[in-house]
Amino acid sequence: MTTTSDRDQLAYISSQAADARVNVELNTGDMTLNIGPQHPATHGTLRIACRLDGEQVIMAEPMMGYMHRGYEKLCEVRTYPQCTTLINRIDWLGSFANEVPFILAAERLMEVEAPPRAQWIRTILFELSRIANVALFLGDMGVQLGALTPVFFAFRDREHVLNQIEAITGGRFHPNFDRIGGLKDDIPRGWIEETKSVMVKMRTFCDEMEDLLVGNEIFQARCRGVGVIPADVALNYGMSGANLRASGVDWDLRRDANPGLAWDQIDWRVWTHPDGDSFARYWVRLQETREATYIVDKLLDGIPSGPIMAKVPRIIKVPAGEAYISTENPLGEMGYYIVSKGELGPFRVKIRTPSFNNISVVPWVMKGVYVPDVITILGSLYFILGDIDR
Amino acid sequence: MASESVEETPLLPDDVREAMLTSLSEALGDALVESYLRPHEDLWLRVRADRWQDVAQTAKSLGYTYFGFLSAIDWEIAPEGRYENTEFDGELEEEDSEPVVQSTSTGYAGGDTRFQVIVQLQSPTEHTAFHLKTDVGEDNSIDTLRDIYAGADWHEREIHEMFGIGFRGHPNLHPLYLPGEFEGHPLRKDFPLLARHVKPWPGVVDIEDIPEHLEAELEAQVMAAFEAAGGGE
Amino acid sequence: MIELLALPYWQETSIKLGLALVVIPTTSLILVYLFLFKMMAFMQSRLGPNETGPYGSLQLIAEAIKFLQKEDINPAQADRRVFRLAPVVVLASTFLLYVVLPAGPDAVVQNLDTGVFYAMAVSSLSVLGILMAGWASANKYALLGGLRAAGQLIAYELPLILAVMGVVIQAETMNLQGIIEAQATGEIFGIGLIGNPFILTQFLAFLIFMIAAQAELTQTPFDMPVAETELVGGYHIEYTGFRFLLFFMAEFGTAFAFAALASVMFLGGWWIPGFDVDSNILNILGPGVMLGKILLVAFFIFWVRFTYPRLREDQLQKFAWKVLIPLALVNIVITGIFKVVF
């Protein structure tokens, strides 16, 4: 994994030296370019202040806060069940996955465990929201690079997954379905078969993306060797999820730190890629989406019977204590550090979001790239604004 | 199937975290003040603030190279009540058999000061994690971890603006989220949530009583279903 | 045919001018509706516009009216005169291209002897307009887009001209009508049934021409000057209302013109097998045949546009200088050798 980055690093250094000579001779000035806050590549309101030398980026500094909603403060004045409404809106493309670690952390403090059936359905919904979330990335990456068509395929097929989520939870984007001690409802009749057929469609979608983008020479030319993040840098910055696995680190919280969901009951594999470049990040996400469809299929076959709700008091008071639970969300490691003082609501909630750490690598990785590569790297790091700003 | 395996697991001693604790406390020496271990769940270590950077360096050399997060906790009890509706809170407390204990303890692994900084570090090879805590003293600042864990940069900026905690050696502690002219540190407990002052939060009402006869009926139904399914026990 | 009517010069010219003024918006209208609206929609599993008129065919009229109604905004920092003039310059280059495009033996605005040369020359005029737009907008994105466009269009002008050289050598004329005639009277291995469309002998040149035209038109694999997701529209980022409409029309009008050039030079133009090259009936049937061929070529242009991601500017330059130009030169040499030997 280091050979590629070494080569690139050398090429970069030599190109910098050559450019510096030219710059001194011609006395060219720098230009500041603000990418965002209103820019199609930032999926929201992220601003990246770039210093440009021609088309080359000398320095890039992300500036956030345009969407800061103060969730950590707001959680302090709400009860635990009310917090999930806010938490749904952090990573708005994979809402259900946001709820799970918070609920699990509260359950750990209360020493309640959801019944197995609830855990399985939670896991299924978790993976469905992963598919719905990452499918959009798979198409959107094409748009970032100028290919218009893939994103429409993504929207078309993601719709099926959202329909399945809606069929069980009643909400397409913000299910707010997870409860301390279990789930709000059981799955409706016929849902399992429908979901299986949707999973077949999603696999076809993944194949389409493989044909349209991964196999495309221009896509490869734009992505390979662009934005290389070596494993040690990724770990140092606390990057997580597919971004970390694309740097060759074999680490998936679903397998390595499973907080009690059903992932350890079935066989599946973790995908990694040694290169650490934008292409690797896309490739890993594509494989993970396909793997997630198989995970859902296997989970659907094995849902145990039983209740979906453990016995919990009607008014939820969480005993004093501290707990941190993180899960492998679509974007990476999403965790909640809950401090409870035995009241109706949390005393302090620290929301550890994946995008925040993933984007903090931007100033490091964007030194010396071209302006189009800024977009490639931003796209391949895959962030959601709500997930950075909270 | 899954439920059986859960049942049969008695609370074994947590060998993994015990070993972690031993090795960490050996390596940290007198920098370690206190530790707390929740078996099979998590590990907390409280260290001296003046050895903050050394501790992080030691932890990194022990293989905890993954930076999880850095945050802070303000242990002061909010001056104006939890839900901005003390009348309602009072009723709830009366109704419930266990009264709310406003404990003054400062969480796991103890603490002496109002502010504590907490860092979570993980080992990418062993897949283990632990939390490091430290008390923030009178001058309200500690050393930066930015040079040891690059990811700490933004977290420290966030904590600086949200809690007003300084990080010595951090080159650019300018605000990350808040606009430049913002005054105050919003995540401190004494920072009033203005929206609540203007309009009391109506949300607490959703724990409104269900009529008694309905509730008994509901309870019976739920319990019947629960036992019929053989769940729980 | 127009000569037969023996009109005075000014009448003839105004008829031709009027025709051109009708033809250009109509052609871009056809392309936009057929490819940008409908084909793209079907490729992307959408329906496209389907409410305005039959199958949504009047949607473009509505869009044009919408653009005309919009406020004409001049950015405060912009160089006003240059800013306002730029779209006109770009559109003028498109208009000038149509002067030499033949649609029948006599159905041409002006049959220039140096038609190919003229077409290549005026098509590069648009660079000027784009640079003006990029510079005068007082916007960094527009500036980057304008500079990219300048670099790209100059780099791709060369392979475009060099590709055409092969055709010119084979046809022994720069007159577009002459090129069609050469194709119509040509023979393949002694059989003159379908003439000799140069796409058969000049296939390499055709490929290079199409790739370079794609870049010249700033269509997708080479659309860095526009690049919606990086430069948010590039040089036309600050334009609103009818000035944007001018850019838009120029884009599709030029696409049509280049498709027409390709079908004239490589696909045999308006000639229909079995007819005399100068028979009058071709003045009636020719435009239809031309339109069919143009739409076929345009289909490929837009197919590629909606399928591929875009290259990076440095990759594009490398591709032009290291691949296309050497290939085009090789093509010229081979064509020259064949011309001398046979």
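Labels for the chains are A, B and C, by order of writing; each one numbers its residues from 1.
FYI, a contact is a pair of C-beta atoms (placed from the backbone, for glycine too) under 8 Å apart; a residue touches a chain by one contact, two chains touch by 3 or more.
From a predicted model like this one, the values you see are computed outputs, not experimental measurements.
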Chain contact topology under the given definition, line, ring, star, complete or other? line
Please tell me whether A-B or A-C has the greater number of C-beta pairs in contact. A-B
So, what's the distance in Å between the C-alpha centres of subunit C and subunit B? 64
Indicate the whole-number Å distance between the mean C-alpha point of subunit A and the mean C-alpha point of subunit B. 23
With centres defined as the mean C-alpha position, give me the subunit A-subunit C separation in Å. 44
Along subunit C, where are the residues that touch subunit A in the complex? 40, 43-46, 140-141, 144, 220-221, 223-224, 227-232, 306-315
In the complex with subunit C, residue positions of subunit A that touch it: 31, 33, 39-41, 55, 142-149, 152-153, 156, 212-213, 216, 218-219, 221-222, 370-375
Which of the residues in subunit B come into contact with subunit A in the complex? 1-3, 6, 41-42, 44, 65-69, 71, 73-74, 78, 82-84, 92, 96, 98, 100-103, 105, 107-108, 118, 120, 124, 127, 129, 131, 149-151, 153-155, 162, 175-179, 186-187, 191, 193, 196, 201, 203-204, 206-207, 222, 225-226, 229-232
Residues of subunit A touching subunit B in the complex: 64-65, 68, 70, 72-74, 76-79, 81-82, 108, 113, 115-116, 119-120, 232-233, 235-239, 249, 251, 256-257, 262, 265, 304-307, 309-311, 314-315, 317, 320-324, 326, 333, 335, 337, 339, 341-345, 348, 350, 352, 356-357, 360-361, 364, 389
